[in-house]
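What follows is a pair of complexes built around chain A, which joins chain B in one and chain C in the other.
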Partner chain A sequence: MTATAAPVRAAPRQVPRVAPRNMTRLVWMELRRNTMPVVLPLIAVLFWFDSYRIAATMPPLWVERLYYILGQGHALVDFAPFVAGVAAWMGSRDGRRGMTDLVTATVRPRWEAQLATCAATVVCAVGSYLVVMAVTLGLLGRSIAWGGPPWWSVGAGAVGVAAFTSAGFALGAYFPGRFIAPVAAFGALFAMGTSSQIGFSSSGGWALILPTMSNGNFDKDAGLFYPFLPDVQIARVMFAAGVAVAAAGLLGLPASAGGPRLRRSAAVVTAAGVAAAVTAVALASTAQVGPNGAVIPALHDAASDRPILYTPVCGQAGIPVCVHPAYRSYLPDAQTALRPVVQELTGLPGAPVRATQVAAVFQAGPPPLTGPPTAAQLQVETIGSPPVLHLTLNAIALPGSFGMNTSGFIGQIRLQFVHAFVGAGGGSGNPAQQIVQAALLQDAGIPLAAQPNVLGQSPWALPSRGRGGGVAASYPRPISVAASRFAALPAAARHAWLAAHLAALRSGRVTLAQLP
Partner chain B sequence: MNVELTELHRKFGHVRAVAGVSLQAGPGVFGLLGPNGAGKTSLLRMMATVLPPTSGKLYLLDRDPGSYGPRREIRRRLGYLPQNLGYYPGFTVADFVEYFALLKDMPPRQVPRAVAAAIEHLGMGDKARAKLRTLSGGMLRRAGIAQAIVNEPELLLLDEPTAGLDPEQRVSFRALLRDFGQRSTVIVSTHLVEDVAAACTEVMLMDAGRIVFHGTPAELIARGEGHSVGDAPLERGYSAVLAAARS
Partner chain C sequence: MTAAGVHQSAPGAAPAQAASPGQAWLRLAWLYLVSRRVPGALALLAGFGLLLWAALFWHWNVAGGAAAAMVIPLIVEAGAAAVIAVTTYGPFGEPERATGRWLPYLRLGTAVALTAAAVGALAGGATGGTLPEGFLAMFRNVAGITAVGLLSAAVLGGMLAWAGPMAYLVITETMLAGGRTSPWVWPTKPPHDLGAALCASLVFAVGAVAVTLRGARDSARQ
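Up next is the complex of A and B:
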């Protein structure tokens, strides 16, 4: 073979390493030319339709308004398919565009170049999510009187978006093709759908790691009387970050990704991500539901158990009625609900001298979304000396949520009060207690015929006597007759009977024959 | 030597794309001719360090690209234009060239000037801000060449660089090749013998994975004397060498 006459070259010059600044510039270029912003209007419209529109109709409490968006993870459901799809599109770019040879023949390892593209895509996706969340919180918060959003949940959502983006990118990089984007989007949608199904039916354990799982960690008075417990959200951040890191590490494993040292680093990064995700699932499975939410012992900070100081907002309903300032807008409803019952019971032994709102408590198990709250959740009681009526307003569905309206809300408060006052406790009470309760409710403005409906929204629904079970549409005749008779008594006579028999009634020792 | 190949082989399954190529090359412009499927692109891809040889020895810029560290150093000094140029449609010409300058790890301070120079070299100054998706095939090819030369490579590998270029562009491109050939090794795979005649100091003809001729353009022309196939002297030489190799 012919050789040229050129002299052998001198030893090649050594070029100083300039990676960091070039890497920053690469990320900036990828940010400017990223595809992600193209789909943002679509995500925004979907988010408005699927999440914001519903959240805006919910009661003006952070935990209520963000229940759909963050508690049940609708924000992530809306974002995940799109960001995963676009990320897969970006990840498959070099393969689709026939750029593999060109980019491989450059100095910078493929892993680094892909990380720059992936980082830019993640920044676009997470940035979009944060902007959408900022606007959402701003708009939803305008009518919220007290408290702040659950920032850990917002953060967990952001890291979740990063995880879907990173995983989608890795999928695209490994399987470049024009169909990988819809495949990734559908995969993300399927994952979120499965997560939702598990979230609706599970009550705790490992399933708490799922972003759509609200049971035990995002319910009732969370963030009002006690801080939002961050334990589950911390585990979720760890899980999603682990997935994101593992996906980024996977990009560096192929032989074309870089040198042996770089590929070893990629393997370590992948392993670290997997370890973080597995650890997070293990931590979530140790969660226990406490009164203020799910507690993960290894992550729990005792400071989260300290009550939040607040100055209650009070009004009069014959007795002082005080509610948490976040419930300021519900104080008139509470006063309306309590006034007639208080008027009827004033002066009786055990009649409360004031009513004050207490926190609804969490309980293990899925919440009865389609049914009434449980007695354990309600915990309405008249206790102490002098007796104080403890109201758990958010254990009742607030007006605007789950089909509840103001009159139903008022009826439930009255029922809670009377039910606690006659000593029926956690059950429906004995017949005498049921009769007195029905009569007092009628005098307080709830007709006998309407009471089965009110009871049906509580834990003390009247059982149907038919074959199919369910809730009865009317009282049994002996109850309604006796209740009508008791309610028809002059107020003074009824008051006198209650004064004489209240202790026995509460202890369940009054028989039907003893009723007037 | 910038390029030293010894008995280089490359197989794809049972197909032998490159079959025992040996070559030494210093600075200059080398034309790589051959019919479709002769192995030109595979040979260029091996020299571009994106395709490892099945067997044989390959030294580029005095380094063995089989090891990662040397391979990076080769790539730092390498310019490569693949046959099928992929591109990112949303990038501008300047973005595209800068992107590869960054991937080639050029010192950041040199990048803007190098990008501008490469674009000007190809006469694309007025198109620097145009998105690649708006460019014609010839313009895209020029953008591809610009990215290949942005780092002032010591080894420049160009696979069908003049495909899609109009005659005026081809003339200026040949001048560019001659300029680079003063200080670098430029290997140009092409089907256009005019390019070889005008710009190359040496020409190699491949057939069935082997180099069947290596010499100057004048030597190739001489091989075609008396041969009737071909319109131009170089084409006749090309046909004569191929016919001899296949007989």
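Up next is the complex of A and C:
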């Protein structure tokens, strides 16, 4: 019998799909042999020390507790250097061991094999980030009574980890050697440090793409009175995904990566990644800071602007005081703060009959000391008939955050009330308004000497008269002398003067000579 | 036929030249340094010196308090320490340890010499402007953080030895940002603080002993 006489074997009806299964097996193999798990306990300990420990001491609101971790991007600062370093080590493996020629000659294209290693490294890094974030949100959320976490920010962090991993891997693949891991790690830390610097000092524009930038998008009453706006986070996801995809595509560009068709595909993938990243930066630069946060017109969904419904929690401080349910634990402080001021002003025309909390709104940049007032500065006011005091509790630091204590918090609420009452509006007020405000605050328990500090933490800081500008450390002498004199008046005399001159005081028509 | 019974060179083979003990030792040291990529490390240390010079000359700074003021010099110091730490691992593993009688001396000498080179490179870089906390603090920080790297090489392995200095840097920045100090986190202390200097010296001694006696840990994942 010869081969020509052998019966022809029927072709299988369906060719088995080998490639995807092989890719899955490759990724699984790389997952088991990956270096990333070795460094994960260290990242977890550092995350606890650098991020969680500090976040756990913040006030029990999602926007406050996650401000440091997600708003200022410390979760990414903790993860990025380590995942970039380990990914660079994994990416440099073949080159470091002198096996590049050997693996290039195998049946699978080199790009495919590298993508398997890269994918396994990304899965390890992103998976560990998500596990750490899940545990963190679970632990931090135990004492938070209202609202939910900003999921888009969590997602943006995860894609950011993927971007650093992918970029580190590409760096390792292109420059194999033992020093590439520390260079990638310290380069990532340097990048995050620079990003923090830009994030702290910028108020908007393209810098919103940076994961460490909280200004204008992760602050105030986001997630409480109105949802966390996802616009900036969507742009960040787009940017980080673009970087990750471009880095993965770069692996397929060298001649050793595969055939011409494969390399053309890699070039397309790289170009798509770069295009996504550049588009994201361009979108971020079109952002405008609105009352609820940064809005990117091309990405904005009007549904995100709908206020979140809630039933206020109320108490008594001579007048009813109502706060958002998320601020329930601060209601006693608000009552303590308002009670002495209410006692001073009861019966005067325009004295509020109720105090209610309103949402703190965003503004671009710090409050100006001179010039026209911003919307945030004008927010605290007594309006309507009968008048209602609008309080913005999260426009100031809550106790336990950023060095604020309960006494300082109470002082800020008192200042909000008195400032609104004298009608000083968005600035620090005219001299007569400043004098009456200072006297009323002194009678409510804040000494004159301590008031410039209280004012300095508010949107109505006293402008310095010095050459350097900035915030004044004390009242000008004429103001402090007149305020002391006004505060020393008997309560009945003060009350009578205010009843007679309040309308003129509020409209800014009272001169220093008219003060008692 | 096997090689078992052969006791002399093949006819015509050139006789091996006997080297003097000094030459042999120098050759051994050079081979050791090359196997640890020390020339590359020296180039990188010089690069860190240049980076520090550029940062001081062009006044790169991060706005904020003590943590921000120290961040660039600390990244440079920790980066130099990380480079020294990753030179500890060798590619030969067990055979080298079994046969290398001079290995502990070579490890110690290399670590100390590279630390000195790092201090020298960064001192050169410091001429670009005013180094925050001055030379003494830089010397203490580099020596101490290098020791952290040597210890992490002994514990985690040479491939991840850079993770120790990186972690120490993150801890330092967190403590500086929180206004907290500890002699064990010496960059948070002033340059003339005796406790911080003693802690850095102690850690350097422990790190040097660990890397001298044990070397970098080998890992199957390398």
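Throughout what follows, the second predicted complex is superposed on the first by the 449 of 516 C-alpha atoms of A that agree within 3 Å, B and C clash if a C-alpha of one lies under 4 Å from a C-alpha of the other, contacts with A are read in each partner's own complex, and residues count from 1 in each chain.
Note that in this section a residue touches a chain if its C-beta (ideal position, glycine included) is under 8 Å from a C-beta of that chain, and two chains touch if they have at least 3 such contacts.
Values in this document were obtained by computation on a predicted structure and should not be read as measured data.
Colleague: Does chain B (first) or chain C (second) touch A:Asn22, or do both, or does neither?
Modeller: A:Asn22 contacts chain B only, not chain C.
Colleague: With the two structures laid over each other on chain A, which partner does A:Arg33 touch: chain B (first), chain C (second), both, or neither?
Modeller: Both chain B and chain C are touched by A:Arg33.
Colleague: Just chain B (first), just chain C (second), both, or neither: which does A:Thr104 touch?
Modeller: first
Colleague: For A:Thr136 in the superposed arrangement: first (chain B), second (chain C), both or neither?
Modeller: Neither partner.
Colleague: Please work out whether A:Asp78 is in contact with chain B alone, chain C alone, both, or neither, and reply first, second, both or neither.
Modeller: A:Asp78 sits against chain C, while chain B stays out of touch.
Colleague: Between chain B (first) and chain C (second), which does A:Gln357 come into contact with in this model arrangement: first, second, both, or neither?
Modeller: neither
Colleague: Regarding the shared-chain residue A:Pro182, is it in contact with chain B (first), chain C (second), both, or neither?
Modeller: second
Colleague: Is A:Ser428 touching the first partner chain B, the second partner chain C, both, or neither of them?
Modeller: Neither chain B nor chain C is touched by A:Ser428.
Colleague: Between chain B (first) and chain C (second), which does A:Leu46 come into contact with in this model arrangement: first, second, both, or neither?
Modeller: second
Colleague: Both chain B and chain C touch chain A; at which residues?
Modeller: Common to the two interfaces on chain A: residues 33, 35.
Colleague: Help me check something: in the complex, which residues belonging to chain C touch chain A?
Modeller: Interface residues on chain C, with respect to chain A: 37, 40-41, 44, 62-64, 68, 71-72, 75, 78-79, 82-83, 85-87, 89, 156, 158-160, 162-163, 166-167, 169-171, 173-174, 178, 219, 221.
Colleague: Within their complex, state which residues of chain B touch chain A.
Modeller: Listed in rising order, the residues are 1-2, 22-28, 45, 48-50, 61-63, 68-69, 72-73, 75-78, 80, 82, 84-88, 90-91, 95, 98-100, 102-108, 111, 147, 154, 202, 211, 214-215.
Colleague: What residues on chain A touch chain C, complex-wise?
Modeller: Interface residues on chain A, with respect to chain C: 33-35, 38-39, 42, 45-46, 49-50, 54, 77-78, 81-82, 85-86, 89, 177-179, 181-183, 185-186, 189-190, 193-194, 196-197, 200-201.
Colleague: Give every residue of chain A touching chain B within the complex, in rising order.
Modeller: For this pair, the touching residues of chain A are 1-9, 11-12, 15-19, 21-22, 25-26, 29, 32-33, 35, 93-94, 97-108, 113, 258-260.
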